[in-house]
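First up is the structure itself, then whatever we jot down about it.
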Amino acid sequence: MTSKQVSIAVIGATGYTGVELVRLLQEHPQVKITHLTSESFAGKKFSECFPAFSGRVDTTLSPLDVDKMAKDLDLAFLCVPHQEAAKTVKLFLDKKVKVIDLSADFRLNDVKTYEAWYGPHPHPELLEKAIYGMPELQLSNLKNAELIANPGCYPTACLLAIAPLAHHKLIHLDSLIFDAKSGVSGAGRKLALGSHFCEVNENFKAYGIGKHRHTPEINQGIKKLTGQLPSITFTPHLVPMTRGILATVYAQLKSSSTHQDLLKIYQDYYQKASFVRLRPEGNFPETREVRNSNFCDIGFHLDTQNQRLTVVSAIDNLIKGASGQAIQNMNLMFGLEETCGLLQTSPIP
Amino acid sequence: MTSKQVSIAVIGATGYTGVELVRLLQEHPQVKITHLTSESFAGKKFSECFPAFSGRVDTTLSPLDVDKMAKDLDLAFLCVPHQEAAKTVKLFLDKKVKVIDLSADFRLNDVKTYEAWYGPHPHPELLEKAIYGMPELQLSNLKNAELIANPGCYPTACLLAIAPLAHHKLIHLDSLIFDAKSGVSGAGRKLALGSHFCEVNENFKAYGIGKHRHTPEINQGIKKLTGQLPSITFTPHLVPMTRGILATVYAQLKSSSTHQDLLKIYQDYYQKASFVRLRPEGNFPETREVRNSNFCDIGFHLDTQNQRLTVVSAIDNLIKGASGQAIQNMNLMFGLEETCGLLQTSPIP
Amino acid sequence: MTSKQVSIAVIGATGYTGVELVRLLQEHPQVKITHLTSESFAGKKFSECFPAFSGRVDTTLSPLDVDKMAKDLDLAFLCVPHQEAAKTVKLFLDKKVKVIDLSADFRLNDVKTYEAWYGPHPHPELLEKAIYGMPELQLSNLKNAELIANPGCYPTACLLAIAPLAHHKLIHLDSLIFDAKSGVSGAGRKLALGSHFCEVNENFKAYGIGKHRHTPEINQGIKKLTGQLPSITFTPHLVPMTRGILATVYAQLKSSSTHQDLLKIYQDYYQKASFVRLRPEGNFPETREVRNSNFCDIGFHLDTQNQRLTVVSAIDNLIKGASGQAIQNMNLMFGLEETCGLLQTSPIP
Amino acid sequence: MTSKQVSIAVIGATGYTGVELVRLLQEHPQVKITHLTSESFAGKKFSECFPAFSGRVDTTLSPLDVDKMAKDLDLAFLCVPHQEAAKTVKLFLDKKVKVIDLSADFRLNDVKTYEAWYGPHPHPELLEKAIYGMPELQLSNLKNAELIANPGCYPTACLLAIAPLAHHKLIHLDSLIFDAKSGVSGAGRKLALGSHFCEVNENFKAYGIGKHRHTPEINQGIKKLTGQLPSITFTPHLVPMTRGILATVYAQLKSSSTHQDLLKIYQDYYQKASFVRLRPEGNFPETREVRNSNFCDIGFHLDTQNQRLTVVSAIDNLIKGASGQAIQNMNLMFGLEETCGLLQTSPIP
């Protein structure tokens, strides 16, 4: 590990992924937080907005000013809505500032797919520069990337659950069902009736059935792993809790196997993945076991009667599903230790 | 509707299903609560244990004494653990008192299946008397039944979701996946680390994967509907909330269809089912919309690309999944209006 | 009880107090729901907005049109914001339709106090017509009232806790501290960051310290009971739950007493109060014991060392604290049985 | 700061305070975790019991064996029930191992008071060795202490709220009311109906009114600060959340003052207290702002009409209220930097 300091800005620092970036980065030994931006709270101290940071991060929030910021920046983390993100990416790249974009704008390689799900892309010409930042899939070298598209929270949980099997083409792609459950912070800090406490508490529901925007991202991920574009079923659900995603994934094996053989395949595939932890047979992760951490825990059950596999993966949607993975990507981008600043253990309870 | 009064006892009145029976029955216009039993709280008033009932149900709890109780009883609701339940059923039937058993003891027709999942059956000779009490499946005439096996909570949500399609043999049975999510009251009031507030709150997990005891009951239900014993996949999950079950069911259609055609099939099948409510296309039930009610709400999505159906059903696990369905069964058993005492609307929020 | 039907309208039927009125009134044997209004959802069925009411209340929501509605109305329940409420009250009274106003507009008799806390009063001339509708305080005859001001949720819990002692002038008024805790539904259904699930869940806070608008209403209530205007301390807190208020009230006795004597005073004072339940010594109410009910449960502890009394009262903020009390007021206004339609027992759990 | 490593054991490592010690200590740069004990889980790895620690703390749990452990230990943290704790303290002190006891056994100096609230004290002769470990009160020099009594969670929140005023004798001691609210983890991990999810969720209650064991500890703390033993009123409440205590404290000022003057007094008193943060006028702490941190945040409101002060303090009951404060005490005991290993910022949300 070098002793260099990466000078960073968080653009959109007062949303949930922004705050979480600030929290993790302020304790990261090789990062210097240079700018925090917010349009709504510009002029206030970060710690006035979030008293939990009082005495820790008293930086004054500023409006976005790329020209000014670019002078002393190595990297900008973008936590702004899609489309606005693409425009901001362009501004930073033009100034030679690297970007990790937490929006959806550069996750899908194919501009037509993007436009079918999100509308017109402001800068399709930048798509080819973007690298999809899920290091465990070993799809690209992140070192020296200029623009990293940070994956969606659901795709992170779903793809990590199934990647070893997809990579080895052990499953029928048309059998893939992703039944995923998320805490409410996945919907962000913006106001919406669906995030009102009284509408969520003591309630459980599915939403976006058959039309959630993370569907093409999961399909694309599987295509990258297998060469084939599948047509998965993806059903997200809302859990009355703040953080966490649990994905329950169903897949039909192409030929009969044993738990032991499959576990070996997972272990080999994730041998160098510091943040993936595999559970022994009969043991499955719970979201609290990865809460406030960058780990993705995975367990699975093989029904030998019908060769159907049930895989369960758990992440913290704001960390491995967003800000933590973004920092992991930053570490790799700048040649730092991949785990640097990211080895916190979940508090129990 | 006749004006008769059914004289009932609740055996095991201080567990969650017992209390819920008492709450619903005290407001039922054709029921007289004659005895409430509890071994641990015998001698105390019911309202001392549950101050919410103060001035409403001040009955003194007594220990079980079948001989004494039988004299003035038409019906006993059993809310005691399996195996203990079968023994108690025998005692009441011998005294010509009808029984609705909320345990698992008489849900499975096949004694071998029962014993594989629950251990030795105390009274296998009574199995043939037992009628499985899920009225919407129209499997048996409940009127004049002596012994009704009240269904499990998960099987209620799962079977109602899929019954019309199973009945008409429209789906590949080997494709059936039941991804179900339940509130904590499903585990009852007994003490267990898994029900400790701090272990459940801000957590989501799967449990009993590949080995939950409701699996054979769902298999049996589908066999009754189709003539074929399937090998389903059933994955229960624990939601940090008190009440409610949401079942997300995946099934492969045998031949292509449309939403409209399938909705017609559901509507016809449930034409006389007062407690099943079907949602229009694109609309899916949430657990709060059936909380504290006896309704089962159902919505579905057809992915026409791969003829995969996603069905979502919601119930209150303690009402339609237990005590409410038991009262519905009682109404039918005694020739009362099926909906009598059961038409409460869920409080919002 | 007469067999008359009261024809009612709920103005603002899609907020939490509106929905709760609809739920309770549709099961009230002597009420006919004639109109439900909503500006935002006019034209939709009530059950489209709230699928829990599907098949139960399928009334179409209409915009407010007093002229048209007045023709077949006996009573309008107003669930609209203060100031807008006063204007609507005027319109209905002019058409000889009685009103129960759930806003704050007619709770304070003194227009100056109102204006200091809420701003200009649209119709101060109507203040003298308004009767404060907390029947247990026995301050006025509600029968034949034209306009009832339905009390605030906190004042209901706070005043019922202390009324017998205040009435008998047993306590030092300057010692009164009301430490109150409410579920989130008290803030209504409107969008606000403070009601966002992630901001409330796993959090507890005080709010509005020294400046909550229910303060003058509590002061006024005590003045009505004692003849003296006190200067109370009132601290509201937000509990991460949907429903319920618990008020912990501290008061210094003027002269030494015993638990037994004080209990006698409470019992006598509340002898005819069907919805107040007193707990025996050492027993205190919890909010779940009155949830979804119109009861107010009260327990107290006397510290004989320093003659300080700790009184705990619990209500459901949406029922006894709003819609239930409004129906109780309606019952009295129209000469019906006070408890009619309001004797539901809280579900446990 | 020296570079020494303190070799420690956690006795009772599988309760909530034990786990939290392990989590914080494993990341503490000057601590070596040498032994973790558990009677129920001896022989299992810590990470088998708590999969969140997988790959982080894989230490095998052992039964308590003081003779064996004492050889390589500097310090034992005791997380065992009172009375058992005192016996274990004796064993360690006899072996020259220092102890920080998280139980109540050495918190009260006066053996009679202890015995009135907790029963016979196993080792009253050790009471004079014990130092009460709340560093902010500046009552004792903790450096080189052999035995530190770690304060209770409620007394920590309550005393820190009021210490500056008590120290300067600005308040009427007989006016002190502590209305405190705690998350459920304060009751520990042991099974009890009162900690069952369904009994806590959507509920709020007071408990232990007039008889909670933290009362004498708060009284003693105030006596240490003022020289006078008060007779406070302390009312704990249970909040449906896992972590956090909010104390709302009411006190009558002896003479009139201003917010500014009082804030100055707090600021001066807590000048060197790294973990106490004072809020500006009109701003009050929420429990989430100190969750998972060792901070105690304090805000207050002065009602100048009646010279009554409302002080609000917030802590994480498992950190500043238990394990964090214990580590803070360890740091001081061994001459390390007071804040070492304890400067985590609360995650938002």
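Letters A, B, C and D name the chains as they come in the text, with residue numbers starting at 1 for each one.
The rule is short, and it goes like this: a contact is a pair of C-beta atoms (placed from the backbone, for glycine too) under 8 Å apart; a residue touches a chain by one contact, two chains touch by 3 or more.
Fair warning: this is a prediction, and the values are worked out from it, not measured in the lab.
**Q** List every chain that touches both chain C and chain D.
**A** Common neighbours, chain C/chain D: A, B.
**Q** Please work out which of A-C and B-C is bridged by more C-beta pairs in contact, and write that pair.
**A** By number of C-beta pairs in contact, B-C is the larger.
**Q** Give the label of the chain whose average Cα location is farthest from that of chain A.
**A** If we average the C-alpha coordinates per chain, C ends up farthest from chain A.
**Q** Using CA atom averages as chain centres, what separation in Å is found between chain B and chain C?
**A** Centre-to-centre distance between chain B and chain C: 37 Å.
**Q** Once you find the CA centre of chain A and the CA centre of chain B, what distance in Å lies between them?
**A** 39
**Q** Can you check how far apart chain A and chain C are, centre to centre, with Cα atoms defining each centre and the answer in Å?
**A** Going by mean C-alpha positions, chain A sits 46 Å from chain C.
**Q** Multi-chain contacts in chain B: which residues touch at least two other chains?
**A** Within chain B, the residues that touch at least two other chains are 16, 185, 189, 198, 201-202, 240-243, 285, 288, 291, 349.
**Q** Going by the contact rule at the top, pick out the chain B residues touching chain A in the complex.
**A** Checking each residue of chain B against chain A gives 174, 177, 179, 181, 183, 198-199, 201-207, 209-210, 231, 233, 235, 237, 239-244, 246, 248, 250, 284-288, 291, 301, 303, 305-306, 308, 310, 312, 349.
**Q** Over in the complex, which chain A residues touch chain C? Could you list them?
**A** Interface residues on chain A, with respect to chain C: 16, 184-185, 189, 191-193, 195-198, 200-202, 240-242.
**Q** Can you list the chain A residues touching chain D in their complex?
**A** 16, 19-20, 23, 26-27, 50-57, 185, 189, 201-202, 242-243, 277, 279, 283, 285, 288-293, 297, 343-349
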